[in-house]
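Below is a structure I'd like to ask you about.
To keep things simple, chains are lettered A, B, C and D as they appear, and every chain counts its residues starting from 1.
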Amino acid sequence: MMKKRWLNLGFQLSALVLALGFTTLILLATKTDPWQAYKYIIIGSISSLRKFTDVLVSFVPLLLVSSGLLVTFSAGLWNIGVEGQITLGAIATTWVLRLLQDSSLAPGLIIALAMLAGMLGGALWASLAGALKTYGGVNEIFGGLGLNFVATALTLWLIFGPWKRPGIGSMSGTEPFPNTLWLPMISGFRLSLWGLGLGVFFIILIYFLMKGTYFGLRIKAVGKNLKAAYLLGVPTTRYLMLAFILGGALAGLTGAIQVTAVYHRLIPSISSGYGFLGLLVAMLVNFQAIWVAPIALFFAALNIGSIQLPIVLKLDSTLSGVLQGVLVLFVLLMDGVRQMITRRSGGAS
Amino acid sequence: MTNEAILLGLAGVLTTAAPLIFAVVGETISERGGVINLSINGTVLLTAMGGFAVSVSTGSLLWGFVAGMVIGALVALIVAFGSVTLKQNQVAIGFVLALVCRDLAYFIGNPYMGLEGLRLPSLDIPLLGDIPIIGTLFFNHDLMTYLSYLIIPAAWVWIFRTRPGLVLQGIGEKPAAAFVRGSNVRRLRYLYTVLGGAIIGLSGPIYSLSVKAGWKGTISGLDGLGWIALAITIFGGWNPIRAALGVYLFAFLQWLGLVLQPSLPGVPSQVLQVAPFPLMIMTLLLVNIGNTEWVTRTLAVLPAPLRRFFNRLLRAMRASPPAALGTPFESE
Amino acid sequence: SPKASTSGEGFTFGILMVGPYNDHGWSQAHYEAGLYVEEKLGAKMIYIDKVNTADRPGTTPDQLADELVAQGAKLVIFNSDDMKDASTEFAKANPDIKVIMASGDQVWKDGRDYEVMDNMVNLMGKMTYGKMIAGCTAALTSKTGKIGYLGPLINDETRRLAASAFLGAKYCWTEYLGKDAADLSFKVTWIGFWFNIPGVTSDPTQVADDFIASGYDVIISGIDTTEGLAEAKKAAASGQAVWAIPYDFIGSCEEGKEVCLGVPYFNWGPAYVETISSAIDGTWKSNFQWNEPYWANINDLDKTAVGFVKGDALSSGAGEQVDKFIKELADGLNLWVGPLGLQDGTVYLAGGVVATDQQIWYLPQLLEGMEGQSVSQ
Amino acid sequence: MHLLFIKQMNINLNQICKHFGKLQANDHISLLIPGGTIQGILGENGAGKSTLMKILSGFIQADEGEVILDGVQVRIHSPADAIQHGVGMLHQDPLDFPPMRVIDNFVLGQSGGLFPDWKSVVDEFKQLSEQFDFKLRHDAYVDMLTVGERQQLEILRLLWLGAQVIILDEPTTGISALQKQKLFETLKILAGRGKTVIFVSHKLEDVENLCDRVVVLRQGKLVGEQLKPFNTKNLVNMMFGKSIALEESKSHSTDRIAFELRDLSLEEERIQIQNIDLKIQAGEVIGLAGMEGSGQRPFMQACAGFLRPVHGRILVNGRDMTGMNYPAFKRQGVGYMPASRLEEGMIPGLTLSEHFILAGQQEGLFIDHDQWQEVTREKIRDYNIRGKPESPVESLSGGNQQRALLALLQQPLKLVLLEHPTRGLDIESVIYTWGKLKERCCDGAAIIYTSSDLEEILLYSDRILVFFSGKVSAPLSARGTSVAQLGNLIGGKDWARIKTGVGVTA
């Protein structure tokens, strides 16, 4: 048992080495000193408190969306529609903020209501994909993809149409909300402890939900064998929908955080690609909630650290995306190699 | 609009559809063999960049297209290796590759941004091109557009009419049965995935060397096309002809969106562009809804004639994927 | 005139570019201006490109500006309308860092969003002139009298530029060619963004093809990419008489010399040098600049803010008339004079009334006589 | 044509070994089969029969040992190799392509030019099927065929490809008595023409009726060989290492009505069932006999609430359940056990204990794992499951999975619906399973089950419903019915003489 765990770790480490090896090759091919590139990515993410808090700013939405994806993943769903769910969360949050910003309600209450609306918005959009799947037989990958495009169009329409700034519709988004409607920040930093708190709260919640509850077990059962789960008495449609709704709600909350804590308005690409990145995180952790936080943190650090590349090395910072993707790719491939070897050695004993 | 303008506009639809035709045909072939190549969005970008870079460096259009095919085949090879040999989840591998290839295209392609490149010349077909209407519509395009017409029936005939095509259907449907009939399932899956990848790999260079000539990195306007192609493949029910019709419909709606712009002053242009997606979702819904439990339950309460009618209707619309799509094959 | 005498040794300035620094368009125009500043002042440029959320998930322009400051920048240039809010936020949070917001209007006293920010300067070139010249060039060249304008998204700026092109075209059409204004057709089709996003924007390639198919023989581009030029080139290769006028960047004609009539471009260098010098030597003053071309020679890269280079495809006869038009503009010809109506028929400027800068900057609709959507809702 | 001249092939398997992990599936098996004979291979479940045949047909490779055909040692690397050498196999689960046409299935795998010569292929197909009097339409889709017809198609295909040796792995499961008769005739004709037939089964009766010679495998070893005439008792001894007798089955039927169908009509894509009236008493066992695809499955599904009837009522314990879904039926005490264990019954990747949690009652939000461990252990003891609470279900052997499925059915039940509860089980397990099921009857549950084994149907049922392409017989008493009668009904004969469910109310 112990040996097996070490073996697994060995394979994962070798995946990391291979991923680094691959990006190093790419760097060498483009005549860059790889060491410098890696050094600046690290420096750019942890060399100062400011930078680290910036990493955390990127970490929070990634953590939230990955936690939600863990649920849909466990239910056997490829929730590619997650980008749209983030977007709809942001739209719903903006909508409530716009509706209430001139009211006499306490700002804290308005923010809370808006974030709640964001969760609802994301959940609603997810349940659309869910209903398409469970009641319409439409594979969630394609339903989700279509809905992503629709969500983007909806955002653009709102920004250039009904919610446009007085006089102009601008790619810079809707009119920014007043500071009172921002999620409170640590002064001097962009980080909101509220956001961080929410992220941490939800990953812990999801951890216990998936590990120790009837709900979690049923979601897993549905994900592994829908028919059998149904025969064993799990109301599968309901649980599939619940998985979508929970995943969507967390994606929606991600959108809400983007609006209330990062951009303070609705912008065209409000989801910032966090949904797809979250899918990578969820794939990498392979259903284990415990790993979501460290991996998300690592990815966020790569996002922020890579900003140094154009400044210092005049390099394109998509390198970080390459590194993230290649890492996941090699982990998947090495896992396959490991399984193949254990199959073989099982056969030989 | 004048008739001539409409005709030319429709002819333009055929050209803009060409790269997507290759993408959906390639994907259809791959999926027919049982392997989903979800990397397609990244492949389109990487091959567009690669094809452009190679053609700029060599000064040859041909090498550009060859490069696209090679890159597409290599990416597909990773998908095949991961799923056929290592038996990992195809969706996962493909999805990761979709993101990796995109970023890789941007990173490696940076030095080639905005360079002046070659562009596939228009090639009027002598006699056919002179036929009124038809000539303008179909025969005043470039070589790859003509090839895009040809590859649709070619793929259809291959899949549904030839002996190897029967085997292709077989390995996607029930690999064990194909295996006992003497097919080397793994090798064939490799072959068709890589072949499909190579065909998908043509779509990138068709963009960068013809339809949207040039390479502009993140603003090339290519990101997202692969996802669209993937959706259309499913829309096409794994039949190259239906898939191609899907592509033409998509390109046509896009064109309609801009033609209608002046007559729909209240509608932002982005909204019209999105019209194909709800349409696609509706189609998938119609195609699949007959398989759902609640529909059969509901139908059961209808009076007999109505029930029969709906049953026949739903059955006529239904399309099922190859049964072994996405599952690995083990002979022991 | 630029204070090239100031020495910027040891001074670092940062640029945030919305697109790739080598996009052969808007962003590259800024990047090259940065190089120009390095050359003229000896200051050091650092930059981050692709500053948009699609390319840099989870970042905001003000955060990236902080990065530049951390690397030693004493002045930060924001180069896109998208970054307007972020530049305001940043300027307020960093009173000791100088900020240039190119294409913004926050510190314009007569602007709609005026705010006092001592450390901010707004810069913009009067591209209205560039577009007028482009429009004139198009009108002088067109055989069919149909000019297509490939518009990005609809806002004040893009309306203003499309309308300028129209005014220039109409002027040259009627005054130089002596033709009837009613015979000139000027159509704007908006794609929805500065460049193509599949499934979101209209495809500019299709728009350009559609123009050509409908008999529009000159395409004026208002977007950041060169589909208009590429499609014109393709049509020309098959024997059609079609031309194009790209936008933004002085080198834009290169991708299709044989059909390029010329390009109106931004030349940010001189204004940057001047503003950065003032930051170095302490004469900095917050202001809004909407800089005219250097009329003595609009292509003098050391002086002008916007220019127009003629393309290889421009006939010599038309070229002379374009020069004449430029000369007239230099001498004070103003096309933004009434009577001018808006597209919905309301009077915009009564006869003889000269438009104010505000009226031009915040143009509410396309002008009467132009085809195409005016507002996005 | 290659069917006409007689060429016989002798098969010699020498010291074949094959292991899967720790399991020795074939342990030094040596076997000689003379050409033109029908060789039976007997053995309990998991004895290694399929493995040996898969090796001979190239589907898998042996670890050790050699295959000698007509004195020549051959290497068979793949099924393609095997067919080159004249060896073809019908697999236990039909390996064909349901959504494709009969003729496509026929051609697929045949080598030749790019475009098959459809006309001549169809001609040859027709000619060949006429020879055996098979009634297969070349343009029908395979998913519309019965299991028996699919076998016929496979036999024709193998012969067409030039097979000298035809291996049939448990071909009698899932086909009607009539089709079985037809199959046996065909096989005898083939042997008469010099083909070698290898017939794998664990049904003694079938082997005795058909084969010239028999070998018995047990736990991977070849334990004995017999020539005709066979000594049954001896064979059973060899198969199980002991003799086993079927016990007389007791009826637990009471007079309380547990389940009732009133004028029920069902419609599915391929089958329509009309106007069934049926009352089942608590404790009663109802067997459904019929060829696969004759309507038993929709019938069972309607009884469990999966399929909504288009007409009529369903009453469970007197309560009208018409139109309700499976969860509602389940709450009313209807249990359902599907035929395919790992596909529909269990969840690979989850442990036994987790299965019992899923099937059990939720208490609170969090799972009390200790408590459920205990429950699982109890069930394991009670149902004699070889496995631990933390064993993943896919690691259990087939028989143990079956027992676990039984244990997972909730308690108490009003009605138990079982699809092929003993398919693939050896006699020992069959007896055990029925013992457990009869316990349920004692507790007042009624049972409806399907089986393709007529002996089983007659032995364990109180009453029997016969299905033939959507027609359903009125319940027959098991005591007053013989295998032969049942066989005829299943094959569509003698229906005029019995009452059907049709017309009872009409």
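For the reader, a short list of remarks on this structure follows.
Quick note on the criterion: a residue touches a chain if its C-beta (ideal position, glycine included) is under 8 Å from a C-beta of that chain, and two chains touch if they have at least 3 such contacts.
Bear in mind that the values here come from a model prediction, so they are computed numbers and not experimental data.
Summarising the inter-chain layout, the chain whose CA centre lies farthest from the centre of chain D is C.
Chain pair with the larger contact count among B-D and B-C is B-C, by C-beta pairs in contact. Between the CA-based centres of chain B and chain D the separation comes to 42 Å, rounded to the whole angstrom.
Averaged C-alpha coordinates put the centre of chain B at 37 Å from the centre of chain C.
Taking each chain's centre as the mean of its C-alpha atoms, chain C lies 77 Å from chain D. With centres set at the average Cα position, the gap from chain A to chain B is 28 Å. Residue positions 110, 224, 227, 268, 270, 273-274, 277 of chain B each touch two or more of the other chains. Shown for chain A are the residues in touch with two or more other chains, namely 149, 152-153, 156, 160-161, 318. Looking at chain C, one finds that residues 50, 54-55, 192-194, 199-200, 376-377 touch two or more other chains. Listed by label, the pairs of touching chains are A-B, A-C, A-D, B-C, B-D.
Of all residues in chain C, only 19-20, 22-24, 28, 50, 54-55, 187, 189-207, 209-210, 212-215, 224-227, 230, 233-234, 237-238, 254-255, 371-374, 376-377 touch chain B in the complex they form. The touching residues of chain D, counted against chain A in their complex, run 19-22, 326-327, 330, 336, 338, 343-350, 354-355, 357-359, 362, 365-367, 408, 410.
Of all residues in chain A, only 26, 29-30, 78, 80, 132, 134-139, 141-143, 145-147, 149-150, 152-153, 156-157, 160-161, 276, 279-280, 283, 316, 318-319, 321-322, 324-326, 328-329, 332-333, 335-337, 339-340 touch chain B in the complex they form. On the chain B side of its complex with chain D, the touching residues are 161-164, 166-167, 169-170, 173-174, 176-184, 293, 296-297, 300-301, 304, 307, 311, 315, 320, 323, 331-332.
Against chain D, in their complex, chain A makes its touches with residues 212-215, 217-218, 220-221, 224-225, 227-235, 346-347, 349.
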